[in-house]
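What follows is a single structure, and I will ask about it in a moment.
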Amino acid sequence: MKPILKFLSGREAGIFVMIILFCTAVGIYKPHFISSNSLRIILLLVPLIMIGAMAQMLVLVARHVDLSMGSMLGFSAMVAGLMYRDMPEIWWPIGFLVAVGTGAVLGLFNGLLVTIFNLPSIIVTLGTLNLYRGLTFIISDARQINRANIPSELKAMSQTSPIFGIPWIILMSFAIALLTFYLVRYTQLGRQIYAIGSNPNAAPLRGINVTKVTLIVFIISGALSGLAGIMYASRWGFVNPSNTGMGFEFQVIAAVVIGGVSINGGVGTVLGTFLGVILLGCVAAALPLLGIPGTTQSAIYGSVILIALLIDRSVRQRATANTKRSRA
Amino acid sequence: MTNQIPSLYHKKSWRSLFNRPETMTFTLLILALVGASLLSEYFLDVNYILRSFTLTAELSIAALVLTMVIISGEIDLSAAANIALSACIFAYVQASGAPMTLAILTGLFAGLVMGSLNAILVIVYQLPSIIVTIGTLIFYRGLAQVIAGDKSIRVPEWFIGVNTKMVLGVPFPVVIFTATAIILGLVLGTTIYGRQIYQVGTNNTAALHAGIKSNRIKFGLFVLLGVVSSACGIMAASRLGSVRYDLALGGELQMVLMAMLGGTYIFGGRGTILGTFLAAWLLVIVSTGMTVANLLPAIQLTVLGLLLIVAIIATNFIYSRARR
Amino acid sequence: MHLPLVSARGISKSFASIEVLSNVDLDLHNGEIHALLGENGAGKSTFAKILAGVHKPTQGVIKLNDSIVEISSPMIAQELGIALIHQEPISFPHLSVAENLVMGQKGNGLLTKVNWTEMVDHARQQMTMLGVEIDVTIPMQGLSIADQQMVEIARAIASDARLIIMDEPTAPLTPREVSTLFGIARRLKEEGRTIIFISHRLEEVRMICDRVTIFRDGERIATNTIDELSDEDVIRLMIGRPLGKYMRKYNADIGKIALSVNKLGLEGAFSDITFNLRKGEIVGVGGLVGAGRTDVARAIFGISPAQKGTIMINERKVNISNPADAIKLGIAYVPEDRAIAGIFSSLSVEHNLTAAIPKKIAPKNIIRRVLETSFSSESIDKLSIRLASPDQPIVELSGGNQQKAILARWLHTDPQILILDEPTRGIDIGVKAEFYDMIGTLAESGRAILLISSELPELLSLCDRILVMSEGQLTADISSHEATQEKIMKAAVPKMAISA
Amino acid sequence: MIKKTILSTVAAFTLASGMALSEDIDIVFIGKNTGNPYFDSLTQGFVEACDVIACNFEFVAPATAEATSQIPFIEAQIQRGVDVIAISPNSPDALNQVFDAARAKDILVLTVNGDITGNEEHRDATILPTDFTKVGADQVEMVGSLIGYEGEVAILSATTEAPDQNFWIEGMNKTLETDSKYSKMTLVATVYGDDQPEKSTTEMESLLANFPKLRGVIAPTTVGIAAGAQVVQSRGISDTVKVTGLGLPSEMRDFVKDGTVEGFQLWSPYNEGWLAAHFSVGLKNGSMENKVGGTFQVPNLGTITINPGNSINTQAALTTFNAANIDDFNF
């Protein structure tokens, strides 16, 4: 059975080719870029953005945008961090539940504002981006959760690995990608998210509960931001109110837009998003090797978003051009 | 087979003063003044408030032009990054020996280019302005970092201190802000261009049918915001004496907040310069009041976030009832 | 006679004080193809939409298999087995055909598994059952309109629809596609389903339908088997409207040619349009929905310029690339759809009235209040626009007054050529007469008027000459003396689209 | 060596002698940003000093550490009419005008833990933890002692522009080149973590990837050393790669306890706060003079001299922390 979204596969192949080209080019210039060790560095850059990108993809497909992911990540990580600090003897995996749960609640608040008050999601989440960051400072009394407070088993998850050298959190992020693939392809909810994004006016006519599905999308975005938060604590070993999650939403949007997810809703694949994250990981890992100062990273992200927007537009134009125009 | 257009009847007219959004902003302004002076006895001092205003004067001036962009039905989140990049270009060119006038012209030209890039992507390539300007926001902020690295570039001694220059006891940036507000208010309120900005924002198709060149108007507004932002960047360089890439970091939220608090409708067609003018003062009073009371900065962030959400709910509620 | 599938009794519907349907009774039987005929605005489409749950009737009862039903939404209609197929089907363009078929069906919760192979096989099976070759795995936006219609029909059958309503389905189809559609319709009939077929194409109706109902002015005039009525009978019934008491009270002297259009063409909209319009002359343009009349007007006014042909103003060749050019050349266009292309709904009546004359109210770009108020109060009095105050948002006015405001907006530009597109649609009878007087006096003052209208009495009583368009072609050019409603309708009805 | 026990007894003694009668001096300390553990202990120095001597102390800091974020806070303190503004500056030159405005209102402006190099004339004095010229040499000695004075060494610094970092790195380079004791040690790389925990970690990981034979890493920044230690601990390579530098006891305690980091150095931020408070009160009530070359007494810090450029150090040499003494410090 040919893949259903065959017309889109052109885009994923394009990104895959870009990754191969980019890595070989850097590899020629700096041979040890293609070593297992630097692959490990690239993979270690990926987990958080991967989880965020999967959530943002769902939001964009439903024709919304979530700018508050960075602060949701920070707030959820802080809640888990405070739990670890104030209740050191607690069973450490509880941190996952607490972070994901906190994130889900924040996502629900976003969703309620968007659905009940019928507000544009981009402005709502611009507001909650700062509201949640402020709350992160307040609950932590502006103090950092030090490395000593983070359970070593949690920190180990980003170093030790169950199978052939890939750390737990990377496997977890791939698992989330697979889960999102399953959700998007094999559940009604997934298909209805696409339907809402593809034609918001027709969705209610076809019996889709638009409010409920939109709420779920924002809850997922919050929950996955929360998961990224606990993974932040594992990967970096601390939680800081001011820079945990700072700028996370822009990195995620860059990855998702490169991955071929359209801003106008209804178009986007898990594979494309996955490859978009990997490409960004390669770029981020290559910069220090090529001696390009980290300062250029944000300029590169910005230009990549703009280029992806133009590519997306030409893809969309070709798609709509071939439906015969009929006069009313 | 008529496609019946049911004409909508409306119970109350929204003309009365009470329902003008500026009244909401004005009452909030008074409340903030009272609250801040209760919060700390050091607050109620006109010179101190005026001096504090100069710290965000650049963002407020750009927010006035942003109000017109939003009224026309578009949005531009890249203005704050434009301020930073223009300031860095100006300082960089100036520091590498170019005469001051050339440096200023280069800075303004940079603003023109940035505004035009936004305009071309939105008008010519018909891309949604919200996502385009997120892209250009990151791009311009990144370019500023490329030019300035994480060093700060200094400006000559004599150029520093625009905010200390006084006109009848009022700091120069505040005078410029008020003058810009008056000029833009007149343009928006009395000239035909202003009227057409409202018409384009209310119904772009009807504007096209009435012979209004909406693309030309929107293009001009993006470029105007670009140039004004670069001018603000240069003013900031004079205020600070040195420029880093992180100038006005996160300023886009404050600018959108000012427009929204001033009653500008996010979907276009509604809003006034007076509203944004009052909102700019409201924001200064809120943040200054909290700072001088030594409140944790986190509380300021929380309050700003909450204010934006409350503002869009209020304006959305007032306008959508009128429009539906 | 066995029990009717659907029986409607006393169905009436009015939109904000304008009655569109009054007291319609109709029975539809199983295994029948029933045509609904009538002029534009006769109410046939509104009746169909009431059956499909898009609109709720103001009065009246609908019985399905002899039990009263309340069809309050398209979803409920679908559950009751009623499906409406729009001319341009509403679908999810980015999703595959197979998904569009099954999207939103009752019963499966949000987390139930989607079995792609089963879904695709099911879709393929439905397509072959319809005898149609469509790749069900490609997105909907990859299909032609005809194929999209086939998918809509398949979806209706999949949800076991007993009553399938097709609204102007054959308009965008090629003859081959029309015959495929009719083949399917016949098979559905044999299965005992009922099909409502809304169309203007009498030959097609005659070929496929068993019975036909004719609507006029919101009333059901006649329901007969197709053989009982000749084409002439049908047209007579459709248009037997009283010519109305309105008689032309003016006679302008026809001047020289103001506008001449030569071989105008726009791919997919209209082709080979040639006519002249003289000063002081009112030229009507009749035709059915989709004939391309609005597209010609939009081409002349520069909104979507023609690709081929020339436009001459006062015998001088002109190039109109946007509305601003047209206005400079003295052309004005009152658009068909007021809400979308006409009014600035939240802005004041005054702002709307002076929207097209920036130079006049702001000589040096500064708006002079005194000029603006004088212009607006002048048009409010001249056209007697009923309003609370010139500052109130225009959306608060009635449809008729909104239309007057739009017309007044264009009169301020002192146009030489005035294009009116369905100016009196959705306006109550009283205001219509006022409009006719206005149009008359405008012609007397030497302006050239192009009146696009679907109301035959309006065309006959107002125009000096009547053009008729059908499917993008000019099919008639009749002077008002020889013109009759039958002649116009005959020219308007599309020629035989398919072979026997 | 500063022992915790001596400290508490001295504090008790001065309390007994009663507070100075002069009207209390208002001191405010403005940190780089909130949520930075380094400033917790520095503020503690101020607080405990003000319990002892006549001053009221407030700590404020902006949410983020950009160059201009501290200006509103300085303006607010001028408005509040405080007597002394102590600040750890985020930018060497963006604060000149606002410092001048403060000093115009005869508010004492002290930079703490970092100076505004090139703009010293805009502040009254600067209080630095130690004599920066010796930091470079001390750090090289520290890492040399850990790796047996041979093998490859790298530096994990903060931002490229931080004046104190560059000053120390210059010191390290000179020591490695000139002092024969370190001839067998080669500096292979200097990388910058921008005082960002994430970036410092990735820079440390790329150091390990690019230099398999790396033996020692000097991280003269609390953010860098903690990140470096974390990487070494998680990979369990603390026996081959020795991480040292300038770190906070509270952050490094675990690493020292499990042997990841055998030793590191720092000064006592607490003492900076303690000295700054005493210096401020002394200047304001006239008992001290801000004259280059002058000296003054500070309880349990002994005599302090005002070096050229009105720069004051709280202690001569770096304090070395190791498993033995780590528990004696609570900052």
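A, B, C and D label the chains in the order they appear, each numbered from 1.
The definition used in the following text is that a residue touches a chain if its C-beta (ideal position, glycine included) is under 8 Å from a C-beta of that chain, and two chains touch if they have at least 3 such contacts.
Keep in mind that this is a model prediction, so the values were computed, not measured.
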**Request:** Provide the labels of all chains in contact with chain A and in contact with chain B.
**Result:** C, D
**Asked** Looking at A-C and B-D, which pair shares more C-beta contacts?
**Response** A-C
**Asked** Using the average of all C-alpha atoms in each chain as its centre, how far is it in Å between chain C and chain D?
**Response** 79
**Asked** Whole-Å distance, chain A centre to chain C centre, using C-alpha means?
**Response** 46
**Prompt:** How many angstrom lie between the CA centroids of chain B and chain D, rounded to a whole number?
**Reply:** 40
**Centre distance in Å when chain A and chain D are each reduced to the mean of their C-alpha atoms** = 38
**Prompt:** So which stretches of chain A touch two or more other chains?
**Reply:** 133, 137, 142, 241, 293
**Request:** Spell out, as numbers or ranges, the residues of chain C touching 2 or more other chains.
**Result:** 289
**Request:** Quick one: which residues in chain B touch 2 or more of the other chains?
**Result:** 149-150, 250, 296-298, 300-301
**Request:** Return all touching chain pairs.
**Result:** A-B, A-C, A-D, B-C, B-D
**Prompt:** Inside the complex, what are the residues of chain C that reach chain B?
**Reply:** 15-16, 18, 20, 38-42, 44-46, 198, 289, 301, 303, 322-324, 326-327, 333, 335, 337-347, 351, 355-356, 358, 361-362, 365-367, 388-389, 391-393, 395-399, 402, 409, 425-426
**Prompt:** Within the complex, which stretch of chain C touches chain A?
**Reply:** 74-75, 78, 87-88, 90-96, 98-99, 103-106, 108-114, 116-117, 120, 137-139, 141-145, 171-172, 268-269, 289-290, 292, 295, 472
**Prompt:** In the complex of these two chains, what residues of chain B are touching chain A?
**Reply:** 121, 125-128, 130-132, 134-143, 145-146, 149-150, 245, 250, 252-253, 256, 260, 266-267, 296-306, 308-309, 312-313, 316-317, 320
**Prompt:** Which positions of chain D touch chain B when the two form their complex?
**Reply:** 34, 58, 60-64, 66-68, 71-73, 75-76, 79-81, 91-94, 96-97, 159-161, 194
**Asked** Of all residues in chain A, which touch chain D in the complex?
**Response** 32, 35, 37-38, 41, 44-45, 133, 137, 140, 142-144, 146-148, 155-156, 158-159, 236-238, 240-243, 288-289, 293-294
